[in-house]
């Protein structure tokens, strides 16, 4: 899922300074699951903003909405009837959702309420970790199912580097060396021969380096 | 001869070779390089010039190479893949070769987190292994990786670094093999203190016949003090300093520890000379270049052979 | 309710499906609840006016320090409200005839004078009753004789510290009725203010400007004329007594802060004595109050009326003065003749004590009846005798404490600062006479050094109390512990003989007490001397070193033992039950709850001294034993409530809210302006009806509520009254009876939260009441009907473990009519008891076990699986599915409604002192076996040393006390001495824990020459050398003070018990075990055989070490508890459970991870789902859900937000 | 009154402040003694979050506090309540209430109780 963290409230308040009538929009997708942008967070954030603003003698009116997903046009359209009644929308969906709103509602400023994080997994309740960078060219079959691009701090294809000590990355004690994980896994799978092969240079064009990406599947376009 | 460099020649002639290292300054003052070069000159077969080591911004490696070359030292350019994508790397390789640099060490580079600009974006377009391969392709096939023909192929004696003590244990030798397959001509190792472990490493490498495919220069660093030893053990990733080594230097009074460090380094080089497959030493006298002569000479490796 | 019994052979219609439970203490209550909850009608007969017994008197309970009242009061409420428990309080059993299955009991219901059905328990009668002392009533006129006014011959004048200060505060107005005035001038003479104008032969008049309202004239006016009338007096419409009380209260408030102690000249005392009590002993004179000390009846009414405490009863009479003692508070304070036993009493209905009530004795007073708003007081009540038909009887009348006066050397009764332990409980109790402040009775000083003296009336042959009372060591430790919690400067010391902390976690508790600076001194105190000036006490004792000691204490608590009261002994005679010489019921070790009379069962301390959890076990066990024979009649006599169809409302329906603002007598109304709150409530949106009943909870108010709901077509109801914890179920059932869903209701607690906490600020309290009412109305508006789903119950019981507990449980459950699966790991049934030989009564265990096995085998309702183990468990209460693996390796799924764990324990065999390698070192069990085999060669002169606590109470081995070893050692010693009188036994012990009647055998063993030598593992551990060559033991005998050398032939170790390996089972069933591996009960005190998960029970040594009799009791108890479930055809799930809105669920697993019970799961519809049968209703998932997709019935966001929003709406 | 403090969430606590509370007390069972095993621990975390929010938006963190009590500690409850009311009195009306109306009587507190009986 796409993860994120709440923006510091001071930053949000600063963004909102010019406005006194806004929408706080949550998303029922990934950000609900990672507990940063669901209906409950809409309530908490809206309450927090109202309190802060009223205390500062600068009351703000907030409409609280939570879209099924902010990344699908039909759901986004459901806001259209009333979005014009507000000065701005503070979205706590991921960056994709926020932009999609901005794209659809061209006259309304869209403000981010969260910092979008990464494509990750829930390691346990309250702890998420990155697993994929969406490079568009998956090599997981060669690396024991562990992504060298994401899991190695240097995205090395022939790791580990000298900074790997006892399975820990030199960058941070909390980061496991991705290459140690890959090697452990290859060993367990009996696929160490994959390690000994020189990998071709990574083609980054399928990643973000090729410009904003688009997937078109003709068979599905109706 | 792949590159025709002095180092390549010395090694090819079967001499026990010596390289050293020279870090460019954190500034634009060429005199600093020249001063360091004076300590190195005549004592080595080639001298490494580091490339923004530990992600601290320094004078560029190529400029450093040129400055020491002016001083009559054969340069060995280090090149990390952290800061440059494959376009910049190719371009710099061509430039270095054009300027007469013939020795190259391909590295990943320390993570930017440790340097001046931890907020910087890293590149890592290709990794060091792929850089070796890239250089070899350009040198041996005379083409760009893209397939286009080069207007003059670069000439490099291609090196890489290995850490015989790094985790995980089981990939140390396979990894060396991989580098050889990629195109490495020589390797310089991380500085060695644990001789037992290093000998075991060499034994494993010999089993695979790797010592015959690549020239192995064993890294050594003289210890200035017991404190430094402890610091390195604690702070430098993959540094294996046995307790006995530390005890030995710590047994000396403080003012005698530096001399002891040099004595121990010389002993170590003597010992390395006897290890089958070790083709030379890489003496990293970090900010202590003035002792190079004492060390290298002490180990009976002076004067350096001059080959034409 | 009879659904599960359809398959039962009906033993004929003649059985009576009812049980009479005698005694309403914790034992009787538990029996009653277990019976009534399994379809048996209960008559609960209790001598005193309310149930609760001794436990209600206790402050805290060991070893958890739970508040006793807190944990017992839910039981009280449940018993009080139970449809199938008929409470016969203030009643006594006078006879029992008939046969088991069909008894007829004669029960005398003493006159209570207060109607239990009408009374609301408001307590106002108790407040207004002016009587505080035991009166000496004047002789009553013979029939037809005219009542004569008494004339005082001896008079004393009470003069105060200063001159009387006339007050005309809250003045009454006295006027002369001209038509009635006899012109005698009595009033003129009586008036001290010169306010009466009178001339001979003319009518008197009163100058209102001069009159202070003292009523001297009123009293002086001769009875036959009654020419002076009172007006402008609050509550005068009720009675003069009520009016006097009202004015007295007002004056008390008015002078409360003024430090007034001189006479006010209010005249209330004089009027009370004359007009209320018809005595007329008091008169107002210039210098004060003149008392006719010879005619005073010593009722104390004048003193309680006096607003400033000017009068003292002993100055007003020449008779001896006796305070009417509050028995519940052990006489530490007083009570009124009309008295509610204690604040949480059930029924919370007073009783009038006919010995001290003035009205019942002289016809005077009668104030309480005039003040009672519901007319519940009936002076004409008379004792009545009723007959009740029951199938069985449970005898659980409880015990009393030893009369400490018998041990004169401690000065109890003379030395004021020597109290009994039960008195000390009341001193600690927040609801006790000192409101929980530890003060010594002599001078109310806070004592620092307090001593507890153990075994007062226990283990004492001299006063015929040979037995150990079992509970004193622990309660003394608890009292000392709690006393220090109340006041950390207290230094408690406990003087004891043996520390008998033999129960589960008891030793830990004692250790904690030691850490909390409770000092334990092993010494017998020989005498106490009181310093007559200071009231301090001097204790004399001999310490461990044998030195005579003298130590001063501020206060002494006598740890009095328990004993069977004479009345109980008499009752046992009436019931024809055999008692032992001490008065405890005689029972058999294998049927420990059956008395000598078939059909009559016994439970609680009358069956031998015991603590609360053991009593609760016995109570459940007795319920089981009493109902086993009545299983065929189950459900015959219970009442089924007929309820009307629930009305269905849609969201569009008009809101019609009814609000009831309760006065609670004066509880609320004396502070909160209930009328104003009611008027305010009427203004709230949706409210169509509001009223302010005097007692909303009274029976007639509830009937009225029903009719109002119908009449006004209400669809929501709000009460602003007392605590929802106690009263919400009542109101909810009224709603349901009126056809409303019971969740269309909310309640504001304006008593506890307004009138009680803000008595001094009526305005704010009223405003807060409005606010709370507004919030409750908002919440009721947001209310939604909730459904309480029903599901079928599988009536079978799974029992894991086929030892004595498991087999007993199986047999009993089968007798109760339920199918049983009995799963035993071993190939044969019998468990650990097979290794033991004989019970304390000398009968062989093997015979008993074989009989038991035989019975289990032939019972076709019991399916036995030996060599089988539980491997998988699923489902929930009422519908479990358990997989077992059978010896063939095949798995079988058993379906059942409840689970009983009886996995047992085994003898501990640590490798110490050569046990296991030397033939001369054996365990008690080995020794018992050897004795059973007749001993060995040369045993005539065998020398045996027994080492107690060998690997027990030892952190390295078993840290806990195994409870049975001391008795085991005594039993084996006696057996050996009996077989070989010349054999020698030395028992090395730490504390001989021969609790209860075990003490008697301990005494016999000492008399038989068994030598007991105490050791302390820290101070004088025995030095033991056991080798092939022999055994050498050196120990310092503290009784003589020098080392003793022993060279026994045999070293017998008491090694204790350890639980069987149940780790897998416990994790499968998700039930907790303690560090030692024993299962942890749901509640240490009141749910001793329940496991924390619903539908799971345990019995026997799986719970903790215990004797076979105790295991049998637990087995019976566990079956009783299981039957309360298994006998239900259906179980109802709570409506207050969490439900997931599947259309909104993000399937994020948050709830799955957050639920402490692991209930939510993701279903095949890709939504989280919560099984309402498993949901505990805590709402943790609701608060965590990031999509707000979970709703907790009646605690949803809409409810809470409605309340929060209503909080802030400022009233208009 | 709630079945367990585990039921209360941050949005509701903030709503109390929005609705004019000057302070909020959350009262749960003693830690380790939660009737519902872990509800009070969850509640504590939520209260801590609201504490931080109140601090950041300058309403004042000391206006919220969680207390743990057993059912038998009436006296202690009273003393906690009094202490908290005093604390909130010292803080004065919440900035919200100050802004809203100088005339409006400042409400002192709303108590959210988690009672597990």
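We call the chains A, B, C and D, going by the order they appear; numbering starts again at 1 in every chain.
Quick note on the criterion: a residue touches a chain if its C-beta (ideal position, glycine included) is under 8 Å from a C-beta of that chain, and two chains touch if they have at least 3 such contacts.
None of these values were measured; they are calculated from a predicted model.
K.L.:
Tally the contacting C-beta pairs at the A-B interface and at the A-C interface, and name the larger one.
P.N.:
A-B
K.L.:
Indicate, using Cα centroids, the chain positioned nearest the centre of all protein chains shown.
P.N.:
Ranked by how close its C-alpha centre lies to the overall one, first comes D.
K.L.:
Please compute the C-alpha centroid of subunit A, do the same for subunit B, then give the distance between them in whole Å.
P.N.:
Those two chain centres are 41 Å apart.
K.L.:
In whole angstrom, how far does the Cα centroid of subunit A sit from the Cα centroid of subunit C?
P.N.:
59
K.L.:
If you average the CA atoms of subunit A and of subunit D, how far apart do the two points sit, in angstrom?
P.N.:
Measuring from centre to centre gives 34 Å for this pair.
K.L.:
Determine the centre-to-centre distance between subunit B and subunit D, using the mean Cα coordinates as centres, and give it in whole Å.
P.N.:
Computed from C-alpha means, the inter-chain centre distance equals 64 Å.
K.L.:
Identify all positions of subunit D at which a residue touches two or more other chains, and write them in rising order.
P.N.:
9, 11, 15
K.L.:
Provide the list of subunit C residues touching at least two other chains, using ranges where the numbers run on.
P.N.:
Residues 1154.
K.L.:
Show the residues in subunit A shared as contacts by 2 or more other chains, in ascending order.
P.N.:
Counting only residues that touch two or more other chains, subunit A contributes 40, 43.
K.L.:
Taking the top-of-page definition of touch, could you list the pairs of chains it picks out?
P.N.:
A-B, A-C, A-D, C-D
K.L.:
Could you please specify the touching residues of subunit D with respect to subunit A in the complex?
P.N.:
The touching residues are 9-11, 14-15, 17-18, 53-54, 56-59, 94-96, 99-100.
K.L.:
Going by the contact rule set out above, which residues of subunit D touch subunit C in the complex?
P.N.:
Touching subunit C: residues 1-4, 6-9, 11-12, 15-16, 19-21, 35-39, 42-43, 46, 70-72, 74-75, 78, 104-105, 107, 110, 115, 117 of subunit D.
K.L.:
Can you name the residues of subunit B that touch subunit A in the complex?
P.N.:
Residues 82, 86, 108-111, 113-114, 122, 124-130, 133-134, 145, 161, 163, 166-168, 170-171, 174-175, 177-178, 181-182, 190, 237-238.
K.L.:
For subunit A, which residues count as touching subunit C in their complex?
P.N.:
28-29, 32-33, 35, 38-41, 43, 66, 122, 124-125
K.L.:
Flag every residue of subunit A that touches subunit D in the complex, lowest number first.
P.N.:
Within the complex, subunit A contacts subunit D at residues 8-10, 13, 40, 43-44, 47-48, 50-52, 54-57.
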